[in-house]
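You will see chain A twice below: alongside chain B first, and alongside chain C after that.
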Partner chain A sequence: MIGSLSHHSGRSALALGAFYLLLATPIARDWLEASMSRHMLVQMPLLVVIGIIAARLVPVRVQDSLLIRFGGAWPCVIAAMFASSYWMLPRALDAALTDPWAEVAKFITLPFLVGFPLVLAWRRLTLIGRGFVWTNFFSMLAVLGWLYIVAPVRVCNSYLVNDQENAGWYMVIASVLLFFWWLGTLLVGGGVGPDKPDQGGSGGTFA
Partner chain B sequence: MSLAKRSVLISALVISLGTWVFWWGTDGFTAFTAETARRVEILRSPRALPDVTLEDQNGKNFHLKDYQGKLLAVDFIFTRCTTLCRSMGMIFKQIRDLIPEESLGRDFALLSISFDPEHDDPANLKKYGEAYGADGNIWRIARVQDKAELQSLLDAFGIIVIPDQFGGFEHNTALHLVGRDGRLRLISDIDKAVPFAEQVVALL
Partner chain C sequence: MATYTYTPVPDQGAKAGVLAYLVVSCVVLLLMMLFGLLMRMEQAQMISIGALWFYKIMTLHGAGMVGIVALAGAAIMWHFLRQYVDLSTGIFMANLILFLTGVVMILASVLLGDFHAAWTFLFPLPSTSMGMWSPGAAALFMGGLLVIGVGFVLLHLDIARAIISRYGGLGRGLGWPQLFGPDDGNAPPPAVVASTMVTIVNLVGLVAGASILVMMLVNLYVPSFEIDPLLAKGMIYFFGHVFINAVIYMAVIAVYEILPRYTQRPWKSNKVFLASWTASTIMVMFIFPHHLLMDYAFPKWFLIMGHIIGYLNTFPILIVTGYGAMMIVYRSGIRWDMCSRLLFVSLFGWAVGAMPAFIDGTITVNYVMHNTLWVPGHFHTYLLLGMVAMVFGFMYYLTKPNENAPDSALDIAAFWGFVIGTLGFTMSFLYSGKISAPRRYAEHLPEWVPYDKIASYFVILLIASVLVFIFRFLTRLGLASRDYQRASLARSMAT
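Then we have the complex of A and B:
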């Protein structure tokens, strides 16, 4: 049983790694980064998702010991908030296109400082803690989207100004849709989002 | 150490590190866009420019280095542009008219550089120049024909040109001042023509 389970997760890890490498290929990068909307709303979320899936492939026991090593849920959540908001800066977007080191930093930090630590922290977060993370994310997305729509100047030198406006609208729409989806889970499913609390059955709270 | 204590300690560490990264990445919370960053950096350390070969509206070849010893105002254009570059022409004309006449050409010159050399041959450059009274001496309209040289010049200035969906270009537009030492020393907004001219006059 355990053997087949690890075999299965081994295959998933391999597929995940392959997908990660695929995103890093020049062709995929050129296409995904050619428009501001694809860059911010497809490539960057996919990188975060890679981190999320990677963390879920880690056995729950190891996740817990990693979480303890990192000092519990809060440092993980804070790191994720800093890293995700950094990549929302227009300057960081431009840098990812013009400076190879910034691009490398983006590919490393979005999975491993946003997706991965969020999963580690998630099971330990209370309903209010999760609500804080979600609403913080929605409002950041909506405010930034609105800024992009009304900005009188082009904020990214690498993107057309109407691309910036489109990205702004997509961000506002995404934040509204996500908010209602989250509200729905709050009313029906307990506000936990995609994941049930303590799904590993390991109960209790740290810190 | 208890986990709660560790949690607080590591959180504080993450917050300080995160704040430092933001501080470092935005030049002390001043430059949130690449355009502002470019301007801040130039002010802090004026940047050397490659000595490219240009061709002006009279078909005359010259080098960027030929301007050393003079203050030089530079802008980037393409003559098919129907929006910003039109106002750029007016703005450069305004700047020229704000500089004392005896300094024009002797201590101060203007240069509009086209990044669309395929279309902007001397004839088109001349047409653009005549629309704003660029005389080809005090104010030259020029193109860089060599692709690699043009790119190195755009890189040094921090200009990013991207094609738009109408067959034209979008690019970051600004007023640039090159010092007597041939280094780029000031970048300002195009609606700051008067302060820009005042800066030039102060340096004359």
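Then we have the complex of A and C:
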């Protein structure tokens, strides 16, 4: 059983690595980074998702020891919030397109400083902690979308104003849809999280 | 078919946190009432504080009253809900600390920074003060509201956590299995159903409110990031209306929990009760457009929705609660004391107070009435004689010396003073609305002044009565934390 699980995890890790490399290919990068909406709302979230899946493939006891080494759940959440906030800056988007080192940094930080630590922390967060992260994310995503819609100037040198407006509207729509999805999970009782921070929990749900 | 029998439950004393909430509520409520009196006396030309102070006081009165009734409602909800689910005292106290921090910020903004754009802080007024206040003062006010909102988000997340842990989901907290399936009699008690509803609607409202507050803070310092004023007004009223509606849904838990203790009859979480709360969970989020009916630039469907849902939402919980209370009390042999009186009259105040809003929610009436004193007449009735009466009823319940303790003549006089004072004061508002006296005007025409004077006298009677209520609560505070039988059993039950 353990052997088959490891085998399964190994194949998943391989597939994940292949997908990660696929995203890094020039063709995929060119296509995803050609529009602001795809860059911000497809490529970057996919990189975060890769970090999330990677963390879930790590055995639980390794996750636990990493979490202890990183100082607990909240340092991980704060690291994820800061790293993701940086990549929300228009200047960071421009840098990723013009400076190869910034592009490399994006491919490393989004999976490993956002997705990965969030999964480590998530198992230890109660519904209050998770709810705080989610409600903060929804309202800030909506506000960021609004900023992109009403900005009087082109915020990224690399993208046109209409692309910027589209990205803004997608962010507002995404925040509303995600909010109601989250509320729905509370209504039907999914994704509660541990009742107390020290009770562990499966970490199998996002909500 | 489920059968319902009353199972006696012991009267629990309040935790220190609940008492801290109530003491803060008493102090702020009294202060805000005095501010209200000053405004009415200014309009009545009995004093002369000037327009600047009028609008500063109006801003404090509005924001302060909304905040403090929410705090008092939260105390009632938390006190009873914790008897069913495991709530966090730390989060409850964090909310109080954040609330007080927000209050200090708002007080500084208004008293030191001269901010006076009303509690509605409608865009673009906070950022276009024409030199009357600084951007810093506006930011402090909106930041204060944001801090208070964060506290309530935490409180509601904790309530959601506790209800989900106990019942398995907020849908189950609303009793959906019993509502949509066979009623096995195991639906959550009314306190849990009401708390679930309040948690859902307030989380939605507070996220929208936080978003518009941050947007306006950005606009305050970078005006080139423009906000659509209609969008801003819609979001502010969505958040504000949901929040102020939720306070009475928190406070009504006192009625659900305390009246059955007096009459020894159960408050049933039957299908009708559950259906009304589920319906209102949805509708309360869509009724705010009745405040926007004069904004013709809004899409027509949006305004018609506000009209229709405004009509529909007036009734479910109100009828279920009012009818339920009458059924519980009818021929029960209830022994009336200050607590049961105040709780019962609160349902009258809620019902009567909802009617002017129902009328004002009609588009053709709204065009004429909405910017008159008719609207303050509505919300002062349902908040004062409805919600605040529930809070004082709860305070009398907590501090009643024993189940047979008689009320003093002073308390009974204060009760009638409260009822008559509130009715006289709110009727003056409503009548002023009828004769087209506008709301939010510091100076009134001579034709309106007599009604302002009448209102001021009734407010003095009201405040005198409230002073008695608060004095009684504070002097008996030591009793409030003890566990003992408080409710006077109905005569048929008493030995």
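Everything that follows uses one rule, which is that the second predicted complex is superposed on the first by the 189 of 207 C-alpha atoms of A that agree within 3 Å, B and C clash if a C-alpha of one lies under 4 Å from a C-alpha of the other, contacts with A are read in each partner's own complex, and residues count from 1 in each chain.
Rule of thumb we're sticking to: contacts are C-beta pairs under 8 Å (C-beta built on N, C-alpha and C of every residue); 3 or more make two chains touch, one makes a residue touch a chain.
Keep in mind it's a predicted model, so treat the numbers as computed, not measured.
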Q: Could you tell me if A:P90 is touching chain B, chain C, both of them or neither one (first, second, both, neither)?
A: first
(Q) Looking at A:T126, would you say it contacts chain B, chain C, both, or neither? Reply first, second, both or neither. (A) second
Q) Looking at the overlay, what does A:P152 touch: chain B (first), chain C (second), both, or neither? A) second
Q. Looking at the overlay, what does A:L186 touch: chain B (first), chain C (second), both, or neither?
A. second
(Q) For A:T135, using the defined touch cut-off, is the partner it touches chain B, chain C, both, or neither? Pick first, second, both or neither. (A) second
Q) For A:V143, is the partner it touches chain B (first), chain C (second), both, or none of the two (neither)? A) second
Q. Where does A:I78 make contact in the superposed view: on chain B (first), on chain C (second), on both, or on neither?
A. first
**Q.** Residues of chain A at both interfaces, chain B in one complex, chain C in the other
**A.** 153
(Q) Quick check: in the complex, which residue numbers of chain B touch chain A? (A) 3-4, 6-7, 9-11, 13-15, 17-18, 21-22, 25-26, 31-37, 158, 160, 162, 164-165, 170, 172
Q. For the complex, which residues does chain A have touching chain B?
A. 68, 70-75, 78-79, 82-83, 86, 89-92, 94-95, 98, 153-161, 206-207
Q) In the complex formed with chain A, which residues of chain C make contact? A) 86, 88, 91, 153-154, 157-158, 160-161, 164-165, 167-172, 200, 203-204, 206-207, 210-211, 214-215, 218, 224-227
Q | Parts of chain A lying in touch with chain C, wherever the complex brings them together | A | 126-128, 131-132, 135, 138-140, 142-143, 146-147, 150-153, 179, 183, 186-190, 192-193, 195
